[in-house]
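There are two complexes below, and they share chain A, which is joined by chain B in the first and by chain C in the second.
Up next, the complex of A and B:
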């Protein structure tokens, strides 16, 4: 029931998102064909660009054409390379996913451990150190940290390659750098929600059984805290995808983010549209999945669903 | 880079109105400066704002003048931060760039605030389709990763400073709108606002007078935190070459330009990045400090680990050694001269001030008192379950089943808890872990400290559930706590407490959350189990009827001390302490029968830490009547008429 309801709310969102992305070209002030063609273009040139973009067709036809481009390679081609947009995107997607998922996973693990350490000894030395590091992690511009890491590990020490995506070693630095933010967010989240859980009676019930403090925290408290954390992980993953725009530029990784930046600076509208649509689609689906996962992980809500 | 995550932890609820909100600007400033992060954050933010205002004037050299004779020079006396690829002075460019960089941040937050807050307040105020439309629009906008959305806006409008402000501003609108809506909704639900609306007050006036002042703290916090992330997003666009266009300096753009020279001239990236990172840090610090002020839930308790925490390892001083060893081992619980204090910001606050208790096996001792009298803290201390970071046991001794319970190491403490103590809480719902099955939680109690095969464990769990009269135990093991009724949950908690056959069962108001018929069942069950197993029960309650029916002995607690204790028959039949008398007079259905007026106890319960001189019950006591003896010193317990009582004039009641 909840699944259906949640799907029911995701579908209109997806529709609105696709409509917004589709209308993107129409939102550009002035005539996009004119802008693309440049100030010196002749009327014929502008007309041919209008035709290429399909701007002369009625709106509904164009929207249908736009949706068809999602699966039909011939329906949408890049303005600059004249290759199908779908192909351009799918070639680069794996690189983006490797960095995003790798960074998120590393960030989650490090952040959760740091959060537990903070919550076990609030006010201790480790807590203070982690709190400072967390603030630094949130405040650090990823692109600057990336540059510093390239300088230290690639240029000075020569341990890792500076740019590209040809070997697994190329992904180490980007993943390390991109993991700082989710790690910082998660250590805060886990620490706060653990401290909140720490006052609960059921932990005293567990302690009275004679369980060790480690087991009480890891088995009883953390389990409850992590349910709340799952939904944040979803939002973080979306953030990582968005962050790929910057990371891929810093580390010269041929991914979707880099493609989008290039497309924006070259006004390659079809690529911009489909790249944004893809990011948004991922984001909506991830939020959907984490919502369902949170629901399922908590037996209380899981049963409500069954009961309805 | 992204805006959302940072704000996720921002308060979505309003603080309880005005309870914590600073009354004036000066007070706010004082509160910020009372926190280290507030001092650092506010100082840095002020410096940065000064830099943005005066930076361009302070620049020692022309930030735009190119000098191809001096490109890419390292830092020197002439060029503090070196020169860039066009021979321009980096120090001057950083100073001049401060205005653009911070200006974009201020502009972006302003755009988001001015659009988002009215939208959110409007949605909360009008509800209906406006709210639905706003929420749906927010949903759609939040479906785009924020920097991607900002990129799209820049792609549509073109890359320049003004459009970057619009882009990062639009991206932050949903956050403001959502928070403003949530906070406004919770304030509109406040009784006094509902009242003035019902009286027909002008809605605009209500919003201006009541809502805005109350949400301002939350919005101030949010703006500060958002400023940091907006700054990073905007500079990210600059880094990508889509922000401020050359030759105008902006820290993100400067970083982007330095990328090509990172191999040969790393210092080019150093200074703009440093200024950027520290500015984001400054606003995050200030935002954190503000959040601590405006969102009380974010305040962390238990922050002091003073030397006193060592006390839990060492036997506390003043241990009552005079108690003879054999006598102590006969008792299930023996507490001597126990003093317990809470650690607070102002130091230790004593809540239990020298308590002696003794329970023999098979007997039930009830500790009775008002809320705040320290009875629950006492119970937790006996169960060795006080959190040493919050609570300090400053003096006294606790023995459980003849074993010293204070000053043990973690392993020994666990062992003691497991073998000797079972605990039952007031609220069974919160005493069971909501995400684990009953079988899981029972099995944990059964297997603690031993290795058993799973079938034995299962049989033991089933037997335990049978002991507490739960029908069909095999099927129940796989169920979760929320699938049981309140009474059933309490039975399960009791089953867990009994798993290791404890010598003492601690029960903290075990029935006050249940309805009357279930209360009876639970208490009868406890008494039966006690008879069968011969364990001692320490019952904490405020219900004298319950004490009269189920306890053998009673100890009346007031302001952290026992004022009267003895066997139930003598204490409740003929209470000698004026507080016990008052308690009995205020209990419904007492032994005197019906048709009697219930009396309340005059005066307020005492405030811990602000007790009156002499007897702490003096201000509420009719017997004291300004007698000098009552004010001079706190009376100790002494034996009068078959019980211990702490009143100088106890004999007056026997007459």
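Up next, the complex of A and C:
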């Protein structure tokens, strides 16, 4: 029931996004036909290309065409390649997902471990070191960190390829770099919420049962801390899809983010519109999944749902 | 005796070397790896607008004619050509027995179909306007193609040797649809083996090629890396042999490498501030003053890091050098400029000018704009640089002169020859004349030059046009871009055309 209700509320959101994306992209300065035709084209030539691209149709007709393109791939083709946008997107999506999911998973694991270490000995040497690294991880722009990593691991040490996406080794650096932000976020989050729960009475009960401290932390304290972490992970994942624009450009990975950048600079309207719509769709799905996970982890929210 | 022995060695060595050379020619060897900055979305010559796409089209397809690395026209598929006496029909004889890489015959009919497809309005080609003067194309028998020109055009060779005029296999194109843009079927020495969108693509020899430029490499691997720093890192780590577009700040680092160097071939790309000829800029003294106010040497050395040379003529090097005219460099003379402004009736601070610049379109474009504003301030002009994104800039510089609210805009031009460039920019009222330039003498000469087929006559006509334009100064002439590529020492024989197209004809690897 809850799922259905959430899905029902997602549809208007997506509709609003489709309208906004369509209108905003239409407001981008510059005429796609003029950009395609080049600076030496005459007005008549630009007009002929505009007609060919269907840009002279009324706004409503073009919006209808845009909506039709969601289920009819042949109605939505790239201005530059003339291939269906869905083909362009599906070709690039796996790379984006590998980097985002890989980065998030790695960040989650590293961050949780670091958070536990900090919480076990607050104020210790490890805590101090991790806090400094965390601050660095949160404040360093991914773009700059990426270039630094290329300089160190590819140019100086020669361990990993600098850019490209032809072998699995090409994905190591981008995943490492993109994992820094979630790792930093999670270590802070897990550390604070663990410290908060550590003093709770139910943990004393667990200890009194004779459980080892590791068991107490991992199975009793951590589970409660994860509730907050899951919602943050959802937001982080969404942010990573958006951040792919930067990472993919730095590391030369052919993902959706790069496709979007290229499309914006060449005024390839259909690609921009559908790529953003797809990102919005992912955001909605991620929010839904986060909510479901939270419910599963925290029975209290389920009761509230029933009460309503 | 010793000399004799030495000459024996030399003889033996040279025989050996020439045998090796023969083998190299006979058998493609080695893989050339190239990192490019721009992602070629399509290789379809009717839509490609990137130098890397030109390089692929040149390797994968053939045109009737082609350009050598100095942009001189050479025959390719064509064996002979002639104009009809009235100049309205251009006839080309082509080689017989040639085939596309998929086995389809490349005959006169296929050539005509390729051109007619590009000129068809339904194709939506971005080059239809450029080639509109070709009119209709007919095949006569197996080996003769007739161009029934829409208007007499003495510059047709230049048009036909551009990679946009490469012969596509229309039959294969109809079957493949948009996929043709990724794996075009042509008749050139190479063919596209694979294409991974945004990541890269690979060219391999076309086994059925029988022309004059056989493949010398077993494969050419292209990787697309838009970020400058990452792309340079690929050359530094030895992962690629050639990198495109070395930024000025990376040149010393590349030159310091043991096994790679930066090469700086000239570019035909000519960058100018194009004026809107009305208000204060309708006065030739003001235009002259602006031209004198600029330290071109300083800009090209200090801001562009050497990747530019001060302009000495309207069109850049490589734009039909046989017709091109150059002049002594424009002096840097702020005092003279001030005097001219005073003559024109402007006291210091009285004249206000604004100019539009793109950001990220040309090397260091927005920095150059600030420098130009400074130079104008120095001669007492209130200058406002308007630095805008690429889309807005395209819109502004593409406006009719009457609609413009600014006074000038930076535009780079590299186009398909003298006639096309000058006619489009300076003929009165033509759609792409964005300065509003009008000069009856230039109009008459441009018309005459377009119809003229005799090279000597053309030289005379275009010489005069270039004289007039250079002295009228409808532009603030700035610089010609210089290319910068990082090339590993193992790469031999790589040539680069002035339009930034890589030519693989004679490339071998050590």
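In the analysis below, the second predicted complex is superposed on the first by the 258 of 308 C-alpha atoms of A that agree within 3 Å, B and C clash if a C-alpha of one lies under 4 Å from a C-alpha of the other, contacts with A are read in each partner's own complex, and residues count from 1 in each chain.
Criterion: a residue touches a chain if its C-beta (ideal position, glycine included) is under 8 Å from a C-beta of that chain, and two chains touch if they have at least 3 such contacts.
Please read these numbers as outputs of a predicted model, since none were measured by experiment.
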First, second, both or neither for A:259, with chain B first and chain C second: second
Partner touching more residues of chain A, whether chain B or chain C: B
Contacts of A:97 with chain B and chain C, given as first, second, both or neither: neither
Which superposed partner A:28 touches (first chain B, second chain C, both, neither): both
Which of chain B and chain C A:286 touches, first, second, both or neither: neither
First (chain B), second (chain C), both or neither touched by A:241: first
Partner chain in contact with A:136 - chain B first, chain C second, else both or neither: first
Which of chain B and chain C A:213 touches, first, second, both or neither: first
Touched partner set for A:147, first chain B, second chain C, both or neither: both
First (chain B), second (chain C), both or neither touched by A:250: both
Intersection of the chain A residues that touch chain B with those that touch chain C: 28-29, 147, 150-151, 155, 162, 249-250, 261, 265, 267
Of all residues in chain B, those that touch chain A in their complex: 1-2, 4-6, 8-9, 37, 136, 139-140, 143-148, 151-152, 154-157, 159, 228, 232, 235-236, 239-242, 252, 255-256, 258-259, 262-263, 266, 269, 273, 276-278, 280-281, 284-285, 288, 298, 300-305, 380, 383, 385, 387, 389, 410, 414-415, 417-419, 421-423, 425, 427, 430-436, 441, 444-445, 448-449, 480, 482-483, 493, 496-497, 499-500
Residues of chain A defined as touching chain B within the complex: 9, 12-14, 16-17, 20, 24, 27-29, 121-124, 135-136, 138-144, 147-148, 150-151, 155, 162, 181-182, 185, 188-189, 192, 195, 198, 200-202, 204-213, 220, 223-224, 227, 232, 235-236, 238-239, 241-243, 245-246, 249-250, 260-261, 263-265, 267, 272, 276, 279-280, 283-284, 287, 297-300, 303
Residues on chain A engaged by chain C in the complex (per definition of touch): 28-31, 34-46, 48-49, 52-53, 77-78, 80-83, 88, 91-92, 146-147, 150-151, 154-155, 158, 161-166, 249-255, 258-259, 261-262, 265-267
Complex contacts: residues of chain C adjacent to chain A: 35, 39, 41-42, 47, 49, 121-122, 124, 126, 128-129, 177-179, 181, 196-200, 223-227, 229-231, 233-234, 236-237, 239, 388-395, 397-398, 400, 411-413, 415, 420-421, 424-425, 430-432
